[in-house]
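Same chain, two partners: chain A is paired with chain B first, then with chain C.
So, the complex of A and B:
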């Protein structure tokens, strides 16, 4: 990474910190709460006890997968705004297959995680295919596919693939064998966290040290030059979007297998959208995205305590996240949004 | 009147009700995009219009004042996007996505601040049946007027020039940044009426999630309508018709999710070029930076 990029990344982080604390404080004052009390409750809720720290890492994990997905697409010059839909479909595939086919432990967990990865990847591949074959703008495609994903999962879980009773909007519970084992006892933190870290390191290696990673970055940084150098831009776009969706789908599967132990249509509080902020704050670098996921994980888990202890609505966390995304828009994700 | 005719009329009436907010949002998006600024934040502008109009109507007891305030709020939100897009040259998609998230959360937070309850506002003085009819008719008037303005007036030509090639427009003496700014703000004013319609005409309150993705369906309508006001209005009517039909078809056993997914699927089909040639303004979403 060049020094220029690093300076840019530093500035972005500073801007986000100012936005989060500045606008967060204003919102708290509007709610007649001292920002010291509000942020105090937030950080206490995120770090105060061992189980609270574990919950922060649960949120970190849930953000890390889709953020890595957004980042890998962005490195290829594509904006995947549909990570939420990919995550939800991944979660559905994981939950349904896990409950439908009980297998022994050493097979059940890989099967559940792979099911989510494939479903999310397939959903990302649709946008990648439309882009590669027809030149369809992937931003609009993934945006539209978000809604189709939620509607599809809702239809399947309440209709043809119903397990949890009519109108329950959830699958049957996963058998113990299909649940990711705990990392810290009596918490919701599972080995999903470790998997997420490993995936981040592998992605970083792929991007920096492999031919595929080089082609991907070349397609993103200088598409014209990449094309002249013989890189198939259509193929790269297809693979990048598929991989991007697969990462988000794997994230959905870890939420189902590790946290909820069943699929529920309300499984994502917008992880795929917060992931945009995470990926941008992390400067689209997998390792920095780990750090950024932790920062936004703190906001997510601390927000619950802030609402309970300081009586500041959790919406404030979402509000400052949205404002942070606006502030980060200066970081151009894609060179051009033209459908070519 | 026989029963079938009554049922058909009811369906057409419901189509208008369902289509009107989509028409406003889509028209707002068309003005913005024809000037070269892609407005992903339409959903947020609908939220701003719906929420602000309810709060002001409740505080003043005057729904017309509420509606005006809703429009002002929509313009303000659009101005944020317009400023970021023209003066800061930011990624318009990222900014719009952030705008949606922030607007939805701000309204949810606002409900707690103003009404001391999450989820929904109190009932406030609304525009009533007359107001609803006026807004429905106005949507079609706006569509026709906008089509005329964009294709037949100097301002419309300037807007379109900025959407196709802002450098060439500037070379011809048009201030591309200023033209884009006002196109987005005017688009925000039009789109916010869709929000006002939802909260003050169709209902008399604001509730979380009441816009229900209409800003994104409007984006689909824009594409399906090939970036023209009348085309987008036609697409909005088409989507509104299926939204209205949903209730009858659900009784007939057609899953409602399929009907709800229709606008998005239609947009995907249009994007892929299966519905004839679809071409966005050449510089749609591309920041213009003066050399």
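So, the complex of A and C:
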């Protein structure tokens, strides 16, 4: 499957740019707005000031973690649709533990981030286990587990693990020690951004340079050959899904620790789903995914400004994102049909 | 890509005309053009009447009955409904006319391959072709079936049909054709009246030079390596029952049989990808049914799978990373380049570029990589399943020679092949498999071609 999801990064980026600007312009014209004004407002909103650029990088960071998670599963031949649920549970675990157990700074932040990583990893591991043990389709499992994750977090935060007010659907605020320090003063951009970049580089190194990465890619690219080469497909699926969930969970933890400073059931506007698009546009390559996350970060943060200033509905961003994915997926389906 | 270039072939009514050439010489493309399935860029096909084509890989609808397949799209109708009685009658009449007995109501998937081919042939005959193209028609037939197949074809030719047989089996060309056309690299390189040429001469023309000689075999060792007792196994489409045999270090044991008679189950059980019952001992240790493929590799058992594109290679990867596959746990990263160089040199992989994408290489070069990495891994037992399928003669001889050299060096080789000539050329002992059971055993000195052929067909 991963062969189907991967194309040529450079050409794909070109396709995305053409689709975003082409169809974006058409959509704006239909809304009686000049595309120049619309895209002007979008880019101004994304880069115009230092704080706007910082906000774009905050969005980049929040997309990068789950996108890396989606990518590592996809490289193993598995489609993780459940990054959003993994991210939410990771955020919950980070927020609850961070507020529940006040520790000094050098311990509090690692504890919060690890809690999110473990919770997300455990959630991914469920789908991985079902796949490895029973051959259950991971697409269905992860998709369904999204709903379970949201409802579970909502139940826990309002019920047995309640910290804030009743019915508030959020945990108590994190102590200062558990909050990631700012990277740019007076913005929401924290060291989470740096952590995300480091994780991307490490992930690329693991995929390309280690035996584990080699086996994971073999399992994704040619499962039958991999099996006969002594690679345990079930174990690979389990580990890949666990790692995938862990990355999404870490993403949730950085949102809680760096941006919101508490867990809230509405912390994700669908990061885990947009991450699928980011991973595809990034060609499942961690370094290209950094670039793709930034591009989508621009659309996310600029879209708000575009709506406010140029009166273009923010849905245009969603529209062109969807069209870009259809274009990429279509190209690869056509290519794979031709090759057989 | 240009598969055939400026080819002229003239078929005469009433003749069996053989078209021979190595894999990739353009034979099948030419047949497809003549049939009309592939468009020629240039030139034309002139046929006086209907052209029929019987494919190498049957194009039958397995779930349908014989008459439904034979009359597909030409069903006799009565208004909106198919006239089943008339259809049955038509198939029976056709079968009687050509001496191809079939049960019109049998479901195709329940039939043995020989009968399936009859169905395929009947389907074309129903269209009363004046030209009949047969692409590797004997690939799935037992030796005894081959003779009766050509008897039928001969009768058809005698009625005036022009017949073109695309094949790589030169013995059949010499025995049954009247004229022969030899292709190489998309061009016709020779035309003969069959009676005026020989198999050796045709082989030289196919290769474009002398056919390379096979490696010499050394003395046979006798240390037992693999002992199999009462082995039964089942893979997706293949069943093996109650097999008992052994492979010694330093010998090649050939498994002769027609495709689909249990060979896949045998290879998969040894590879550790399907469970088995019975007893498997390797160097005296029992192998367990739930052992992983990895544990087989660690013991020194390596299988060259039948389907290199799906079961052996990662087509999107380069040569170097594919050479490592199966040894990724034992080779250090710093050894990858050297491992690739070794296989490329010993097996003459072309292009000799470790960075080349494997999917872009020819089948022969892909197979050299699979065989090369298997032998380079210092396996004690090599199970080679159709190791020369679909590759040209030069590459095939190289692969066979390397297997013989490995045998000379003390490796036990189990050679599973559908090509009897390959088994006779390489094996020290021959075991015959038919209907999932072992049917006979021959030493190299006592090989009896006729008897082996009869056993392969299931005649005990």
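The rule is short, and it goes like this: the second predicted complex is superposed on the first by the 322 of 340 C-alpha atoms of A that agree within 3 Å, B and C clash if a C-alpha of one lies under 4 Å from a C-alpha of the other, contacts with A are read in each partner's own complex, and residues count from 1 in each chain.
Simple rule for what comes next: a residue touches a chain if its C-beta (ideal position, glycine included) is under 8 Å from a C-beta of that chain, and two chains touch if they have at least 3 such contacts.
Predicted model only: the values in this text are computed from it and were never measured.
Superposition of the two complexes onto chain A shows chain B and chain C fitting side by side, with no clash.
Once the two complexes are overlaid on the shared chain, A:316 sits against chain B while remaining clear of chain C. Of the two partner chains, chain C is the only one touched by A:214; chain B is not. Within the superposed three-chain model, A:230 lies in touch with chain C and out of touch with chain B [touch as defined at top]. Counting the residues of chain A touched by each of chain B and chain C gives the higher count for B. The angle formed at chain A by the C-alpha centres of chain B and chain C is 70 degrees to the nearest 10.
Legend: residue contacts after superposition of the two complexes on their common chain; A:51 is shown touching neither chain B nor chain C.
Residue contacts after overlaying the shared chain place A:187 against neither chain B nor chain C. By the touch criterion stated above, A:169 is placed in contact with neither chain B nor chain C.
Here chain B and chain C sit at a least CA-CA distance of 5 Å once the structures share a frame through chain A.
On the chain A side of its complex with chain C, the touching residues are 3, 209, 211, 214-215, 217-218, 221-222, 224-232. Those residues of chain A whose C-beta lies close enough to touch chain B in the complex are 27, 30-31, 79, 81, 130, 133-134, 136-137, 139-141, 143-145, 147-148, 151-152, 154-155, 159, 270, 273, 276-277, 280, 313, 315-316, 318-319, 321-334, 336-339. If you check the complex, the residues on chain C that touch chain A are 271, 273, 292-294, 296-298, 303, 305, 310-317, 321, 324-326, 328-329, 333. Listing the residues of chain B that touch chain A in their complex gives 38, 40, 80, 84, 88-95, 97-106, 108-109, 112-113, 118, 213, 216, 219-220, 223, 255, 257-258, 260-261, 264-265, 267-268, 271-273, 280, 282-287.
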